[in-house]
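Some structures are shown below for you to check.
Each of the next two complexes has chain A plus one more chain, namely chain B in the first and chain C in the second.
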Partner chain A sequence: MDGPPISARRVRALVKKEFHQIARDPSSILIAVIIPLLLLFIFGYGLSLDSHDLRLGVVLESSDTEARDFGAALTGSDYFVVDTGHDIREFSDRLRDGHLRGIVVIPEDFAVRLTDPGKGPAIQIISDGSEPQLAAFVENYVKGAFRVWLRQRQIESGRVMPPALQIEQRFRYNPSLRSRNFLIPGSIAVIMTVVGALLTALVVAREWERGTMEALLASPVTRAELVIGKFIPYFFLGLGSFTVCLLLAILVFRVPLVGSLPALYAVTCLFLLTALGLGLTISAATKDQFVAAQIALNAAFLPAFILSGFVFEIKSMPMWIQVITFFIPARYFVDSLKTLFLAGDVWSILLPDMLLLSLTTIIFLALTARNMARRLD
Partner chain B sequence: MPEKPILEIEGLCKSFPGLDHRALEPVDAEVPPGRIMGLVGPDGAGKTTLLRLAAGLLTPEAGSVRVLGLDPLRDAARARELTGYMPQKFGLYEDLTVMENLDLYADLRGLTGEARDERFETVLHFSELKPFSGRRAGALSGGMKQKLGLACALLSRPKLLLLDEPSVGVDPVSRRELWRMVHELIQEGIGVVWSTAYLDEAELCDQVVLLSGGRMLYNGPPRELAERVRERCFRISGITTGRRRLLTRLLDREEVVDGVIEGANLRIVLREPDERTMLESEAGEKSGTVHPVEPRFEDAFVDLLGGAPPGTSALAEKIEEKRHGEDARVVEARELTKRFGDFTATRAVSFGVRAGEIFGLLGPNGAGKSTTFKMMCGLLKPSSGEALVSGTSLSHAPGEARQKVGYMAQKFSLYGMLNARQNLEFFSGVYGLRGKARRKRVDEMIELFGLADYLGQSSEKLPLGIKQRLALACAVMHTPDILFLDEPTSGVDPVTRREFWSHINGLVRKGVTIMVTTHFMDEAEYCDRIGLMFRGDMIAIDTPHALKESVVSKDLEKPTLEDAFIELIQRWRDRKEVA
Partner chain C sequence: MLLRLRALVIKEILALVRDPRSRIVLIMPPLIQLFIFSFAATLEVRNNSLAVWNEDAGAASAELVQRIGSMGTFEEVAYVHDESAFNRQVDYQKSLLGIHIPQDFSSSLAAGTPTTIQVVADGRRSNSGQIALGYLSEVLEDFQADMEPGPAAGAPAVAVRHWFNPNLHYFWFVVPSLVAILTTIMTMIVTALSLSRERELGTFEQLMVSPLTPSYILAGKAIPAFFVAMAEASLIVFFAVFVFHIPLQGSVLLLYLTMAAYILSLVGIGLFISALCATQQQAILGVFSFVLPAVLLSGFAGPVDNMPDWLARLTVVNPLLHFKEICKGIFLKDISLHAIWSHTWPMLVLAVLNTSAALAIFRRKFS
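Here is the complex of A and B:
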């Protein structure tokens, strides 16, 4: 019964109707523009994996030149905001209250210990183990600062020649090592998942709720026309939404875009089709806008957030969870976006991603086509 | 030579998963060209299921549907060309204008070129929507939406027109116009199926299929069904006082099949015509006189269902008599105005309700009934004016004032996921009943309303009638002085509705004050006084009898309440124009 070919006139009529509705019903614009802006600002400003200005207490038990010199080195670091004292008791309460992230003790015999390792460690680092990640930061940064200071001292005293072979550490693909540079592209992927799935899930459920779907089904419209009539308008709305995110990322968050725009849009188009397909699949399962929104958030937002490699590194997940991530389309989009923003058009990464995205698109389209009832039972 | 029928239905039935009975038991029916078939029955009777089957939106479980010989599923494309279908809520896009809605459906139905312009001209003229073609469908009144829905369904010149409850909640003027339009249509030879829960509409159809709980109770001309109660229908008029008491007593008698209040009069259906003497002697005690009247479809329907339930309400027997001073105004609205943005839902609505009175707000959807109601209950804050209950405003009165009020909302404010007992327990807790008193009260309600068999069932799965009993039980558990009922019996079958009103009548006799909203004219007849609401205005307040009397003219010697409403709307419009 769905045999007759797709009628361009009917599709055009459906698309036109949808655009009228988008223009007049603020909720589509809300989903397509306001939600992305909100999420992008939350992710952009609220979520940062860099640590700056860690509060540190430095206990100078010794007052000789070496100790004061190292204390000054810590104070000068960007990573720390240092309070200096002479007794560890001054700081222990503040560490407990969380005002300090760590305490560094420079012992009385610091100078002696420096020359004679047999006397024990030169410095003691006390950090807040209730926040292991921060504690590790403190430890590593202080250690690093100590090593740098030692080397500097040796060079100055002329005991060691500057090494002939100098190691210069350079990070490629995110030279400034700003976490925002990979978080923003990742969050765009999450946002597009939510926007795409929510848009279509809601608009189809809305047609059921208002009884208009019943009227459409009683007209000669075919299933394919209904699906296409929903895809086209929300595809363009989704692209608009993506463009807003892209402009914000580049102009406001100053994320460098290394790759090319055509490649970026090609991947995005593919992903949008998948996300819209997911939304349509959801809408076929429920005829209630509220339920549709709940499902869309749980089926789209959470996996995209947790399992896409956006924040949490997939390679460090347990094996069985890694297997699950292969079924999360957002994973491929996050991967492509990070590559495009930070590394450029690396086709050896992009092509497999695009292939897999095409596959998920086809799967969701097939599911939609199968589940989108042409009848009511 | 009999013409080939437009719609043929044979042994058609349908069940849905999760429903323990069939939504539609085998039905046979035919709609010949130029005829209107009424599909009549309460909510859940299977009307919509039948229409959807005919529109090819559902697959039949057994039996067949033919639209001019075509199977609506297998020959979907061609059958759809021939069928115009207007679903409930009219299937309109509210964000689109009248013209855009028409454009959409014309495109979908392949109406192009000159034929399209011509057809638009016809339907716009016919539906009188031309001046509003640029207005958004969402901003149309209920009556205009209904006409637009019809216009959209008519675009492709269907041979079969399926209308699903086209007149529910629509004002009486628009309802009459819609009937006029449909009568014009059948002149062109199309067949119409009109589904409705209003039994008085059955009498306007050429032929009626009466459904109840999925079963077909009757199929034939409405007159013929009414014939079964011929000579058994009477009106008692001239009753001085206590018409409710008399009705209760009569309904308790074996000889009486049905009885309802009609303003100041009673309408009674007897089991046998020769029991009239009994009726006369009963009526005589209240100095009432008995006249035979023409049987109505509804009389016959109740007879078919086995008659109305007894009139004595076990509930009311249990309730203590409430005592009030004479003429105490327990509910009062003073110039209530409510605006939502630039839309005025009610405009300076004023009325007062005396203790022990049934006061009804009657009007179509969107007239402002529910808004007024919510302001009275303190659920909405008026933009201006005051709503007083027992002399205080509920919106800032403490729980004490609310304790005196019971509220039963449209579609019964029950928690669908809770079972019947849990609902009772929840509401008893809400009204501050505790411990032993609470258990006693819950058990009492279970007994009074006969809920024992349904306690474990989740309330959303209960049959409509039981749901209604449960909702009423929840609302009266704390023996309120005032009971607010928001469209309490819309869509329920007439027997259930009578049972409901027998409780209400009983409560009123005990001095409980009732305020009710409705869009059923015959429900309004139960009220002592009614306020007619239309487009946010209170256009008249009086007893049903006086309202009818006020419009008597040479052309209209015995106006119905609907006639009165229509005339009063007209007068209100004239007043507005002058002003």
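Here is the complex of A and C:
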């Protein structure tokens, strides 16, 4: 029964029926418009890797001018919100309970240790290691502030000239260093994964559950026509929610879009096919909303969130997990979106991603077709 | 009445545990996820490469390149010889950082005239870039200080100590957080999803016409879900302690008491969602609309410290954030009772509010 060519008339009729169904079912609109909006707002405002206003306790064991001067330098920094004390015991409990992210101890003989490193460290930085990322920033920023302060002091005292060696730092693609600029393109990929999987997994699984799918299968419609008939409407719905995300990213969150729209939509179309394919595979395999929802949570959302490289870098993962990430389609979409938004149409990155997305699409389509077997079991 | 409640609880537990398929769905996904995500979720800067474009043939640049090569932050140093190759390294994400040493570097340093080293980082990965740049700056500035004429006094030293996690293992942060996250997902499945499924199948209505009152029926649903979720959470804690060897500094009793409070709040939310929704699909969407924001705003991927103030204040209603803080606190830091309580009472308030709201809705629907 799968041999006969696809009839355009039957596909058109199926697509029309599906569009009517979407228009009448508020939950499709909820999934395609409200959920992406809500999630992108949460990602946009709630997720940031830019640490500023780190809460710091500064212990001034000495009250001489040098120590007070460095204490003031920390207080004046934009990176810290500083509480000053004279004993580390004032701060250690607050560090433990998470009210402070770090403590800087300026010892009693600070001035002596500055000139004679043999006497021991001039300052001590203590951080709350239970938040490793913040701890790394506390270390980096305090060290940086200390270096700047030392240099400033040397220049003021006229002991050295401004350095002959200058270091010029530049961040290509994201000069303002806003983590939002790369997190938002990545989160669009996570959102589209959830939307694609939810749309098809839920909606189609419900049809199986209610028996309407069996009714369709009993008609002269072929499997290929059925899959295409499901795909087209949800594909356009998915493109719609991507456009909503895109507008929000550019207009509200001010993420620059360096790449071209055609390239952006080309990658998105491929990814949507994969995401919908995943959803159809889940629903055709389970034929049960309850199980489909569990799988959508466990197999779509969490892997796209953690294994796609959108916030946790794939390169930093152990090798065996890097291998697993090759099977997470969101990974290729995250990679492409980051590049398209921030760097432009870098085809040597985009083409391999698109190729792999096409491959996963084909796999999911084949799986769906197999699971849609015209059996009524 | 208590006898009937007992019968109902036993029936529910059997229903959850007897079906081999649902048993596997309850146990396998959290364990698989615990294993994969514990290793995957890291913001450490590892396995990166640095591109070096050295146009200078002098001794000073050779010394600098040698120092950078031995700093250990980068697994690999790629040497390039022209600008296009240099740019390609960063553009194509082959290198996280690129460093360019100009032609006149050694001679300028020797003559004391200013010269500039360029460091280029990939803004698509600005977070790792910043951390790597921090390490690189240290090397560069040491070099700078050593190159300067005058008595080599040596720079004053800085001592760094990371309390509770001396080597900053990301792992130690992720596993306690996953205890909270994975428990959340499983509990929502056994409450909201399974209850709404029963409502669609009609078995719930059958219960409603039995002599049991709505509060007993809800208790009959909540108690088994509570115990199943506690068992799930214990399984994850067991793996965290005995397989992943995360130090458990605080009291196990406190961990369990707060875990009970957390699961009660989840069960309350689950009951509330299923009371509110007419169909299974609505309940599924309800679960998604709770779980996704709760996970995203839990401080797991980006610290709460970095959120804007208004949002950070709003997270007080996120039970997942509270339990994650408690897990992390008890595991790694043995936080004070006072801090534990400050995270426990919001969960209890949520549990009471949601459960009574669910009860009120059910009473109205079935009276």
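Going forward, the second predicted complex is superposed on the first by the 368 of 377 C-alpha atoms of A that agree within 3 Å, B and C clash if a C-alpha of one lies under 4 Å from a C-alpha of the other, contacts with A are read in each partner's own complex, and residues count from 1 in each chain.
Operating definition for what follows: a contact is a pair of C-beta atoms (placed from the backbone, for glycine too) under 8 Å apart; a residue touches a chain by one contact, two chains touch by 3 or more.
As the structure is a computational prediction, the values presented were derived from the model and not from experiment.
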Judging by the criteria at the top, classify the pair chain B and chain C on chain A as clash or fit. clash
Return first, second, both or neither, reflecting whether A:Gly158 touches chain B, chain C, both chains, or no partner chain. neither
For chain A, which side has the bigger count of touched residues, chain B or chain C? C
After the superposition on A, what does A:Arg24 contact: first (chain B), second (chain C), both or neither? first
Output check: A:Thr115 vs chain B and chain C. Expected answer is one of first, second, both, neither. What do you get? second
Would you check which partner chain A:Pro262 touches, where first means chain B only, second means chain C only, and both and neither mean what they say? neither
Intersection of chain A residues contacting chain B with those contacting chain C? none
Chain A residues touching chain C - in the complex, by the definition given at the top: 27, 30-31, 35, 38-39, 42-43, 45-55, 93, 95-98, 101, 113-115, 117, 120-137, 139-140, 142-144, 146-147, 150, 159-160, 163-175, 177-179, 181-183, 194, 198, 202, 206, 289-291, 293-294, 297-298, 301-302, 305-307, 311-313, 315-318, 321, 324-325, 338-339, 342-343, 346, 348-349
Spell out the residues on chain C that touch chain A in their complex, using ranges where they run on. 25, 29, 33, 36-37, 39-48, 90-93, 108-109, 112-131, 133-134, 137-138, 140-141, 143-144, 147-148, 150, 153-166, 168-170, 172-173, 185, 189, 193-194, 197, 280-282, 284-285, 287-289, 291-293, 295-297, 301-303, 305-308, 311, 325, 328-329, 332-336, 338-339
Could you list, by residue number, the parts of chain A that touch chain B in their complex? 1, 4, 7, 9-10, 12-14, 16-17, 20-21, 24-25, 210-212, 214-221, 375-377
Listed in rising order, chain B residues that touch chain A in their complex are 16, 52, 55-59, 73-74, 76-77, 80-81, 83, 85-96, 100, 103-105, 107-110, 112, 136, 152
